[in-house]
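Here chain A shows up in two complexes: once beside chain B, once beside chain C.
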Partner chain A sequence: MATTAERAAEDDATTALPYADDGKRRFRPTPGGWAGRAAFVLALALIVVWYVTANKPFRADELSAGVILAIGALSLNVLVGYTGQISLGHQAFIGIGAFSAAYVFSHNHQGFYAGLAASAVVGIVQAVLLGLIALRVRGLYFALVTLAWGFMAENAIFRITSFTGGGAGTPFPRPSAFRTDKTYLVLCGIVLAVVLLIDWRLVATKAGRALQALRESPNVASSYGVNVRGYTLFAFGVSGFYAGVAGALFAARRLTAGASDYTFIDIALPLLILTVVGGLRRRGGIVVFALLYVLGREYLPDWGQSISFLKDNAIYVVPALSGVLAILTLIFQPEGLGTITAPIGRWLKGERFELDLSGGSGAEGVDARP
Partner chain B sequence: MPVLEAEQLSIRFGGLQALLDVSLKVEEFEIVGLIGPNGAGKTTCFNCVTGFYRPQAGRVLFKDKDVSGLGPHDRSALGMGRTFQQVGLVKSTTVLDNLLTAQHSSINYGAVAGMLGSPASLRDERVLRERADAILEILGLDHLRDLPVQGLSYGTLKRVEIATALATDPDVLLLDEPSSGMGPEEAHRLGDELLELRNLFDLSILMIEHHVPLVVRVCDYVYVLNFGRLLTEGLPGDVQRHPEVVAAYLGEEAPEAEREAEKMEEKLEPA
Partner chain C sequence: MVLGIAIAQPAVFGIVNGAAFGLVAIGLVMIYKSSRVFNFAAGEFATLGAFGTYIGIKVLGLPYILAAILGVAAGTAAGLLTERLVVRPLADRPKVTVLVATAAIATIAIPLELMIGGVKTFPARPAFENGVSIFGVKIISKLGPSIFGVRVSPQLLLIMVSLIAIGVLLVWFFGRTDLGLATLATSQEPTAGRLVGIRLNRISMLTWGAAGFLGGLGGVLLAPVTASFTAGYGTTGVLISAFTAAVVGGMTSIPGAFLGGILVGLVQTYAQFDLTKVTGASSVALFVMLVAVLLIRPTGILGTEA
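Then we have the complex of A and B:
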C-alpha cells in the first residue's frame, strides 16, 4: 500500500481535483481548558465519593441495582441500537443468566465466579438461538418473537422447579471478598467498567462498523465484505453475554434467584425505557440514566409522600414519570440523554463543546417519527 | 486469461425472464462496458455476478475459481468491489468511516480480539486510517474525510462510493452507472480518473454506463444487453454503429426489434 501511496503522491498533480482547502484546523484546548476538564472529572468523582461515604441514608444496594440495570440496558442497546432489532423479552436474557448461575452454584457446588462464567455462556447460547430466528423475521415480527420468548421464559422456564427452585428460588451468594452492600457495589462497578470498555472497543473496531453498516443496509454491508448472518449472530451473542453477566450480578445482589424477580414489568420494560431515554448507542447516557433511575426509585416515593395530593399514590410516581420521559424522548430527542452526555464526553476528550438539540438523526432503528 | 467470467447466466423473476444465457468476460487490466436500454437486465447481471442474486442457471468464475456458491461478502473478500446504482454507502456516518468499514476483509484481527482491545487491533486501526487517507487523497476527496455522507451531492456520493469500492482492495471493480448525476465535464474527468485508477490499483473494470462518449473513450470492449439477452458485443466503436444496437436504443425498426420498439422509445437515457 505504501507504494500505492507513493505513486499517488507523484500523480497527485494530475489526479487530484482542484478543491480549495477550507483551512479547517484541528481544535486543541488551551492548558486552562484542560484544567477545566480535569476539574469537571474531579468534581464528579468527589460527588460520588461524598454520596457513598456521607453519613446519611445511603443504600449501596439500590445503587448496585442501578449499575446492574445499566449492564442490562447496554445488552439491550446492542440489539436495539447496534443491530436495529427490538427485543421486548429481555427478562428472559437476564433471568436465564441468573438461574444458570444459581443452578451451577446449588447443583455443582461451585462459587460465584463459576456461576458468573456459566451465566455468560448460557446467556450467549440462548441469545444466539434467538438470533437464528432474527435472521428470518425482522422488525415488528421479530419484536413479537422476543415478546413470546420473554413470556415463555417468565411463565414456563422460570417455573421449572428442578431448574429454578420454583417460588422459593435458588440461593446464589456473593463472592467472599464482596459480601457487604458497599463492596458489592464496587464489584458491580468493576464489571460495568469492563462491559463499557468492551462495548467501546466493539464500536470502535471491525465488528462495530460492520454492525452499523448492516443495520442501515445489509446490501452495502455485504458489498464491503461483511458477513451479514455472521455479524447478526455475533451481536446477539454479545448482547446475551452482557445480559448473562447482569443476571448473575442481579441474583447475587438478592442472594437468591427467584422466579418472580424476572418479569416483563420489572426487567424488560425498565430496560427498554433506560435504553430509549438514555439514548440508543449512547453508552454514557444509558449508564447515567440507569443511575438516575434507581436514585429516583429510591427517593421520589419519599418525596411524593410529603406532597399532599400524591400522598397515597407516591409509589406510582416513578413508573408514571419514566413513561412520560420515554414518550417525550421519542418525540423530541431520539438520542435521549445521550444528546447531553455525548457532547460532554467529546469535550472531555479535548474537542469543542457542541450541544445539538435539533433532535438529530439518531434513532433510525426505532424512530417513531413519521 | 479472463479474471472474471460469467457463463450463461439465466434468472427469472416470476413471469419475467430477466436474464437469459448471458455470458461475458473481463480480461485482466481491461475496462469492459455493459450497456443497454433501461430494464435490459444490466443491474440484474451485476447482482448475479457479485452474488446478490443466485441465477437459476449458469456460473461465475473469478480468478479461475467457481464462485457461484459464494455469498456477496465472500466475493467481496476475494476481490470483487462493486458500487450500486442508488448510491451504496452507510449514510449515517462519515466518509472516513465508510472507507474503514469497506476494508473489513483486509482486517487481520478477529471481531472478538477487537472487542477486547488486542494490541494488534489498535495497530491495525491506525493502518486502516492511513490506507483510507491514501485512497481519499488519490481521488481528491480528502477534504470530505470527516464529513457525514448525508448531505453530500449525488455526483460526489458516486465518487465517494468508488473510493469505498477501492477500499475493499478489489481486483475487479464493478461500477453501476458511475457517471450518473454528473455533468458532461465531470463525466469526462471521471473517464480520466478511471484510466488512472486502473493503472494505480492494477484493476480490471466492468461498468454499466449510459454516457456513450465515456464508454467509447475508456472501454476496451463492450457488451450490449437488451431484454435480458446479449444483443451483441465487440469494440466500442463497432458496437456503437451496430444496427441492432441503434435500433434498441433509438427504437428504429430493425427486424428483431420490431415488436419491442414501441416500448423502448422512452428508455433512451435515464432521467
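Then we have the complex of A and C:
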C-alpha cells in the first residue's frame, strides 16, 4: 500500500484517486499530461503532412498497397489471433475477393461499390466454408488444409477463364471519385478505419470474450455455454469479409485482377509475417508494420542499388529481412511491434506509459492448441 | 495397346512422381515423429539442393557427382541452421509457433534465392545423361527400360531406388537402434528422456540435419524430373504433395509416407490425364484428398501414436 502511494506521490503529474476495488490508485493525467498527448498526435499528423507534401514523387500508390496489406493482415489476425487457427492460404481469401469484384464489374456491368459488396459476400462465403472444416480439424493439420486451399485457388480457381479472364485478367476500375493515386489512398484509409472499428467492437464485446475462451480451449469454452460452432464460423466470416474487401481494393489499385498477383509467395507468406511481427491481437502494431513494410520495400531498394552485388535484386532484401524479423519476434518478443504500439495507445487514452518488455506474460505469440 | 498405354502411362508416371513426393514426405514424417513439428521449410531444403547442384555445375564447373554432393550439403546445412536458429529457441512454445517460424525460414530462403539467381528457370541435369553403364557395358539406356510400353528414365529409377533404400534405413533406425528409440522417446516425453540421459539437443540436431539431408537429396533428384526449377520451387511445387502424402500415410509412419506418396502421385496424375476439362484438376484432387483423409480417417493408412 505504502509503495503504491509513494509511487503515485512521486509522479508530479498525478492527482491520484483511491480506486475502489483493490486499493490501487487510478492514474489520471494532468492538463499538462493531456497537452503532451495532444502534442504527440499533432507531431504524428505533421510528419504525415510533411511526408505527403515534401516528397516530390509522393508514393501514394505504394502507401495504398500498405493499407491494403494491413487490411489483409488484420483478416489473418482474426483467424490466428482470435480463433487460434492459422491460415497459410490467404492468397485464396484475397484473390477470390478480387476476382469476384472484377467479375461483377465486367459481366454484370456494375460499378466499383457493387464489386466491393460482391467481394465481401463471396469472401465471407468461402471463409465460412473453410471454417466448417476448421470445426473438425485444428492446429497444425488445419494449417495444411489452408495451404492446400490456397494452392487450389491459385492453380484451379484463378485459372478458370470464364471467371477470371485467364492470363490477361479482368479489369476492375477505381470509383470515379477516387481515381488518382492520392484520392485512392484516402479511400483505402477510410476502408481501413471501418475495418479497425469493426475489429475493435468485435474484440470489446461478448463475441471477443467468447473467441478468447474458445482460443484457450474449445472444450472449456463449450462447457461454459459458449457456442463454439457459431463463434468459430462467425470469426471465419469476419476474416473472410476483411479479406474480400482487401481483394477488391487490391484489384482496383492495379485496375485489374490478374492471377499472377495472388500467389503464396507474394500474399500468403508476407501476410503471415506482417501479422506475427506486427503482433497478434495488436491492431496498431499490425497496421504500423504493414506500412513500414511497404515503405521499406519502396525505399530500401533505392539504397540497395548502390551496393554492387545487389543491383536490381535489391527488391528482395525487404522480404528476406522481414522473415528474419519474424523469427526474432517469435523468439524474443511474441507481442511483436504491439509491445511498443499498445503502450502508446494506452498512454494516449490517458493511462501511464508502461512498456512491458517481459515478453508478454500470459499472451503467447502464435498460440493454437494442436 | 493404345488402351493399355492410356492406363499404364499415368500409372507409371504417378507411381514414380509419387515416389519423389514420398522422399520429401519421409523427411516430414521424421521431423514429426521426433519433435511433433510440421516443417514448412522442407520445400526450401529441396530447392537449395537443386540450386546447389546447379551452382556447382554452372558456376563452379564441378563434375555432376560433386555438384550433387554440394546440393545435398546445402540442404543439410539449411536443416542444421533451422534447428539451431529456430527450433531450439522455440522448443517450449506451442507447435504452431514453430510452424510459423519454419514458414519464416522459407520466407527468407525464397528472396535469397531470387537475390542470387534472379527470376528465371534453371535447368536441372539428371544424374545419368547417357544411361547407366558398368565397365563399359550399358545396362540402362538413356531413355530407360520400357514398363508396359512406358519409358522409365534412369532418373526415375534412381528416385525409386533411393526412396526404398532410405525408407528401409529409417525404419531400421527408428525400430532397431538405441538412437532411434531415444529419438522417439524424447518426442513423447522430453523430460523423461532427459532423465534417462538422452541429450535432447543432440537428438534435435540429428533429426533436423537428417531432414535437411533428405530435403536436399529430394531436390537434387526431383528437379531433373521436370527438367527445370525456379526459386521457391520446393515450396510451390513439392511441399503440399509431400505433406498430403505424409498425412495420407498417417504422419507418423515411414512406410505410410511411402504409400501415401505413391497414392498422391497416382491421384494427381490421373486427375491431370483424365480430367483435362477441369483447370488445375490435380490441385483440386489434392485438396479433396487431404480434407477427406483428415475428416474421415485422421490417422491415415498406417498412423500410430509414435
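One rule holds for everything that comes next: the second predicted complex is superposed on the first by the 331 of 370 C-alpha atoms of A that agree within 3 Å, B and C clash if a C-alpha of one lies under 4 Å from a C-alpha of the other, contacts with A are read in each partner's own complex, and residues count from 1 in each chain.
Here is the rule we use: a residue touches a chain if its C-beta (ideal position, glycine included) is under 8 Å from a C-beta of that chain, and two chains touch if they have at least 3 such contacts.
Note that the structure is predicted; figures quoted are calculated from it, not measured.
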item	value
Touching partner for A:G225 - first (chain B), second (chain C), both, neither	first
Contacts of A:R209 with chain B and chain C, given as first, second, both or neither	first
First (chain B), second (chain C), both or neither touched by A:L197	first
First, second, both or neither for A:F234, with chain B first and chain C second	first
Touching partner for A:I267 - first (chain B), second (chain C), both, neither	neither
First (chain B), second (chain C), both or neither touched by A:V67	neither
Touched partner set for A:A259, first chain B, second chain C, both or neither	neither
Set of chain A residues, in rising order, touched by both chain B and chain C	364
Chain A contact footprint on chain B (complex, rising order)	50-52, 71-74, 76-77, 81-82, 84, 88-93, 97, 100-102, 104-105, 107, 109, 111, 114-117, 121, 125, 130-131, 134, 137-140, 143, 150, 164-165, 168, 189, 193, 196, 200-201
Partner chain C, residues of chain A touching it in the complex	84, 86, 88, 133, 136-137, 139-141, 143-145, 147-149, 151-152, 154-157, 159-161, 263-265, 269-270, 272-273, 276, 310, 313, 316-317, 319-320, 322-324, 326-327, 330-331, 364-370
Touch list for chain A against partner chain B, complex	1, 4-5, 7-9, 11-12, 14-17, 19, 21-22, 197-198, 201-202, 204-207, 209-210, 212-213, 216-217, 219-228, 231, 234, 238, 361, 364
Contacting residues of chain C [partner chain A, same complex]	36, 38, 40, 85-86, 89-90, 93-97, 99-101, 103-108, 110-112, 114-116, 118, 232, 235-236, 239-240, 243-244, 247, 278-284, 286-287, 290-291, 294-295, 298
